[in-house]
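Common to both upcoming complexes is chain A, partnered first by chain B, then by chain C.
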Partner chain A sequence: MSITSFYFLVFITIGVAFYYVLPKKIQWVVLLLLSLVFYYFAAVPYTIGYLAASTLIAYFSTLWMKRKREKQNQDAKVLPVTMIALLINIAIWFVVKGRDLWFPFASGFMARHDVLQIDAEINLRMIASLGMGYYTLQIMGYIIDCYWQNAVPQKNPLKLFLFVSYFPQLTTGPISRYAQLETLYERHKFEYQNISFGAQRILWGFTKKIVLAERIGIIVSALNSDMSTYTGFYSWIAILLYPLQMYADFSGCMDIVLGVSELFGIRLAENFHNPFFARTSQEFWQRWHITLGTWAKDYVLYPLLKSKRMIRFGKFTRKKFGKKAGKFLVNMAGMFILWMVMGIWHGGLRYIAGVSLWYWVILMLGDLFAPVFLKITNKLEMKTDSFAWHFFQSGRTYLIYAVGATFFSVGVTDGIYRLKDALKVLCVKNYANPWIFFDQSILNLGVTWGDINLIIFVSVIVLLVAILREKHGYARIWVQQQCFIFRWMIWISLFIIVLIWGKYGPGYDASIFIYEGF
Partner chain B sequence: MRKNVKTIISAIAFCVIFASVFQYITNVYRPSSGYDRTHIIAFDEQQDLDVVYIGGSACFVFWQPLRAWNEWGIASYNYATNGLEGANIEYMIRHSESAMHPDLYIVGVRPYQLWSESGNTGTLRYVTDSWSLLSPARYQLINSFFKKHNSTEKVDYPSYIFNIINYHDNGDVLKNPANWHYKEAHEKAPNKGWEWVEAYQYLQAPKGWNTTERTALINGAEAALRELCEYCSSENLNVLFVVCPYYIEQEHQKMYNTIDDIVSEYGFDFLNTNEYYDEIGIDFNTDFYNRRHVNCFGAEKYTKFLGQYITEHYNLRDHRGEKGYESWGEDYRRFCSEEESYKQSIKKIMENDLQGFELAEKLKKDKDISSWYLNTKSNRYTLLIYNNGVSFENDADLEMVCSKWGITANSYGCNIVSDEVIKEANVISEELLMEGVIGKDSPANGVAYSISNEHLMIDGMDYYENVEGLIIVAVDNNLQMIADRIIVDTSSDNYVIKR
Partner chain C sequence: MTKEEVYKRLNEVFREVLDDDSIELHDETVADDVDGWDSFEHINLIVGVEEEFGFKIPMGKVVTMKNVGEMVDIILEMGK
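Coming up: the complex of A and B.
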């Protein structure tokens, strides 16, 4: 049962009805049962054991911490237990989900055996659970919060299990904090606004996912399937369209997830805030997959920078290279670890290349040459507060992301091939093939002019919504302020767009989200 | 409180608009033309019918409602779709009963004889996609249909329930004005569900089919039939189960005997019109367009016979001259002018086919292979060639021999069998297994053939003969008959034709 399926819509309709009809004190039980039902139909059922294991580890370790602190005041003994609990969670994730990171090396050791057979056996036994990457970070955050005493350990293991398995966020996150999700256990009364806002957000998510992302996906998949044929400007199309596809896919999924949760009166953390409006790559990552970035900062970067070893390293570098360079080197080391964590979490070399290394290099170079860029802009008397300058900055940020996303999309080797080919358009004489935009060649990519027009049309709507969001917090807040005829027209038009132009039904599979695999 | 009431009212209003838009878009995108859909769509527009005739094509090309109107003043309608499955019938009656209470339901029972164990979902779509989304019978039928059949694939229920899921990517329908006026269904079935077919086939009356033996119905068919009878019985409905005249086989008759037993158990009448060829006046030489269906000449006779039967056995009122039925007379006049035109066309086809018999006779007298081949080289014939005695190692050798008679490389060597190719009068030659259908419109109506080692099967007959040389059978595509069969002795250079 995918969250874009008809059955899911029926499931949440029934779920919401039960949630509000049954006594409020058992609302959290209803959510837990719904989560179990969802898991049963959406994933390999027995893999729920992984979630249960993570929950039990967190439950016992945090309660043990609490007891040690309360009764024996033995704070020193708490750290090893915290570390063990965290390491077990990391180990489970690494063995099951991060298989791509270790199996190629492990198979080298096992060369004497039938590697393929071992691979098959391991695959069979280690089907990862749904949303493992997301809930592992979530439960680790909970353990750390308890260790830091930012959270009170949950005494009811079933409630803690609900925190881990809350069904809307199992597909693609967001990575919630325990403090944010304590609202799961609260009583929620029926509010019309929650239902209407939730439904609106789900509809908007469907528009982005099954109208826009799936259509762009056809073009990108066709281009990626035959890179040697689709060269020149085709490479540029693939490079520039993939980020848009990924955004529509991932943020569309998040809209559905957040909308579903809103139906139950539970607000989940936002994962996107108009990332393509970002003017720098640093800002981009504050607007893209926000919960992953903040998790990594809060639980990896800041503790790291505050650690004794890092402080010692900072002192050493400042002494050796001077104040400015010393600070830069400490920052560089911290950021390297941060980005490696982000890349490794995605679970493969292509992600380490496309996310970790690429962004680490870009951000460090940006930091290093910031004074130079500032001098140049001043010298050229650039109007840095003008729309044109902002547009240029956002375009540059988009392009930087597009380059990284190319590795994400096709892997390291093919990514390099694709990028080299795109550069040839600019550097090699007569290599460019601009006629493909005019001679119907694009129609060979599996789309019609109607599809292309629709991509443009929906992209413009996405842009308008983004502008409204910048100005009003949420576009729907602005819509709500309009007269009811206009308001209804908007939602019904959106519904018609999804109904008619959505890629769903027999022959389509829009059930897979790009970020579902993590 | 006031705010709450306002919110509730606006929420309800929004949901109503939302649902209406959904229904309208669903209607626009549903296929709305063709004889498989239009009779079902237009049924909801019918009022005050006396007789509802339910069945497959064996209904809408057999019963002429407007003729019945003219003869007896009966308001009837062919509630039918192509290849209807038995599982649909009970729910079609339920759907009908939700809107009207006709005096008589006539149920064609061929759908039970043609029952498919895996279920023909196409016919389910024809019916359920043509009903309103709000029809309860629709949901009952979808549910019941898949319970009665063993579908090998996972059933995509949502696409049956909300069929926009199935059709939404078919943007071409937007070019069709009929789709934008889906509701104006009365235009879709001007002849009350009767369908004109401009075709003809010469047949000879079936022989040896009649028997008193019984055979079990295919799994599921009997249960569906019993459920239908139980429903009709509980609702006190008048139902007549009929078998229309066609090229019946003994195995079919055994099933019809079983069906007769079942419906009689529930006190319903059963009429196998195949037992009344003389009374109907049906002539297999002139009244059919294929083995399963009559042309309009046959339909006229069938309607007169069945109309007479039901007016004698059931209490049906004559509505001629009554208020509210004025349009029926006008419709009948239009029907007559259409009929005249169709009858003329069919007569022409008939003449052409008669010419085929003459040509076949001529062909049978031909003793020279080259002239024989020249006479068969037209769209009228398909040649099936079987080479025997290992005279040719490969197709090139065979081609060389054939070229001596004028059979060229272009016309020879067709290994791909399709209706299109066959109609081109190509030559089919294959030593290994090869099968297909030579026919006019569908495999059910065509002549089946298969070529394998030591078998040249055409329409159930084996034309293989253990002689060295080529066996060539000329099949008349129009008549769907073997025009001639020759054996060419290729062991000598003379290539003598034997028959």
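Coming up: the complex of A and C.
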């Protein structure tokens, strides 16, 4: 059962009815049961054992922490147990989900055996649980919060299990914090606004995912399937369209997830905040996959920077190379580790190259040359608060992201091939093939002119919604302020668009989200 | 230690770490209000504060403090 399927909609409708009809005291139990039912239909059922294992590790380790602190004092030594609990969680994830990271090395040792057969066997036996990358980070965050005494350990193991297995966030996150999700256990009154806002957001998510992302996906996969044929401007189309597909796909999924959760009166953390409006790459990452970024900052970067070794390293570099260069070196080291963690979390070389190394280099160069850029813009008396300048900066940021996303999409070797090919358009004489935009060539990619018009049309709506969001917090708040007829016209039109032009139904598998695999 | 004293010393720490003598902190000051106060400088500031006031700020507080006011409260609390 994918969250874009008809059955899922039936499932949540029944779920919401039970949730508000049954006594409020057991609302959290309803959520837990719904999560189990969802898991049964959406994943390989027995893999829920992984979720249970992670929950139990967190449950016992944090309660042990609490008892020890009560018995002795607040400074009682609880770090070893915390570390063990975290390491077990990492180990489970690494063995099951990080297979691409260790199998190539392990296969070297197994050279005498049939590597492919072993690979297939591992594949068969070690099926990952749904949302492992997401809930593992979430439960690790909980353990660390308890260690830091920012959270009080949950006494009821079933309640903690709900925190791990809460079904909306199993598909692609967000990675929630325990403190934010404690509302899971509270009583929720039926409120019309939660239902209407939730439903609207689900509808909007469907539009982005099954109307826009799926259509762009057809073009991008056609282009990726035969790179030696699709060269020149085709490469540019692939490079520039993929970020948009990824955004529509991932943020569309988040809209469905957050909308579903809102139906139950539970607000999940936002994962996107108009990333393509970002002026710099640094800002981009504060607006894209936000919960992963803040998780890594709070639980990896800060403890790392505040460790004795890092502080000593910082003092050493400042003394040796001066204040500015010293700080830059610490930045470089810290950023490197932060981005490696993000790359490894994505679980493969292409992500480490596409996400981590590329961004690390870009952010470091940006840092290094920031004073020079500032001088240039001052000298040329650029109006840095003008629309044109913002547009230029956002365009540049988009392009930088598109390069990284190319690796993410097709892997390192093919990514380099494609980027080189795109550059040839600019450097090699007679290499450009602009006529593909005007003759019927594009139609060989599996889309019609109608599809292309629809892509443009929905992209414009996405842009309008983004502008409204920037100005009003949420676009739907603006819609809510409009008159009755206009309001309903908007929602009914969206509904019709999804119904007519959505890619769904038998024979069509829209169930896979790009970010579902993590 | 009074609040004014804490602010006086805190301003010095911030000016020194961020190389900006114009910094003037208030209860509501947040990272966005101060040029250069990013994730990395946040930790440099915390270390600067620890050295100035002579105690360690627990990690749990480092990640949750929202503005300078909270930082001052922590310092007053720890310095008791």
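Structural remarks
Here is the rule we use: the second predicted complex is superposed on the first by the 515 of 518 C-alpha atoms of A that agree within 3 Å, B and C clash if a C-alpha of one lies under 4 Å from a C-alpha of the other, contacts with A are read in each partner's own complex, and residues count from 1 in each chain.
Simple rule for what comes next: a contact is a pair of C-beta atoms (placed from the backbone, for glycine too) under 8 Å apart; a residue touches a chain by one contact, two chains touch by 3 or more.
These figures come from a predicted structure and were not determined experimentally.
Applying the stated contact rule after C-alpha superposition, one finds that A:Q180 touches neither chain B nor chain C. Look at A:Q286: by the touch rule set out above, it reaches neither chain B nor chain C. Residue contacts after overlaying the shared chain place A:Q393 against neither chain B nor chain C.
Judged by the touch definition given at the top, the superposed model places A:S221 against neither chain B nor chain C.
When both complexes are overlaid on chain A, the residue A:Y192 reaches chain B alone and has no touch with chain C. By the touch criterion defined above, A:F484 lies against chain B but remains apart from chain C after alignment on the C-alpha atoms of chain A.
Looking at chain A, you'll find no residue that touches chain B in one structure and chain C in the other. Of all the residues in chain C, the ones that touch chain A in their complex are 19, 39-40, 42-44, 46-47, 58-60, 62-64.
Within the complex formed with chain B, the chain A residues making contact are 6-7, 192, 196, 450, 484, 488, 491-492, 495-496, 499-507. Residues of chain A touching chain C in their complex: 145, 148-150, 297-298, 301-303, 305-306, 311, 314, 323, 327, 330-331, 334.
Considering their complex, residues 7, 10-11, 14, 17-18, 21-22, 25, 29, 156, 158-159, 162, 164-166, 168-169, 171 of chain B touch chain A.
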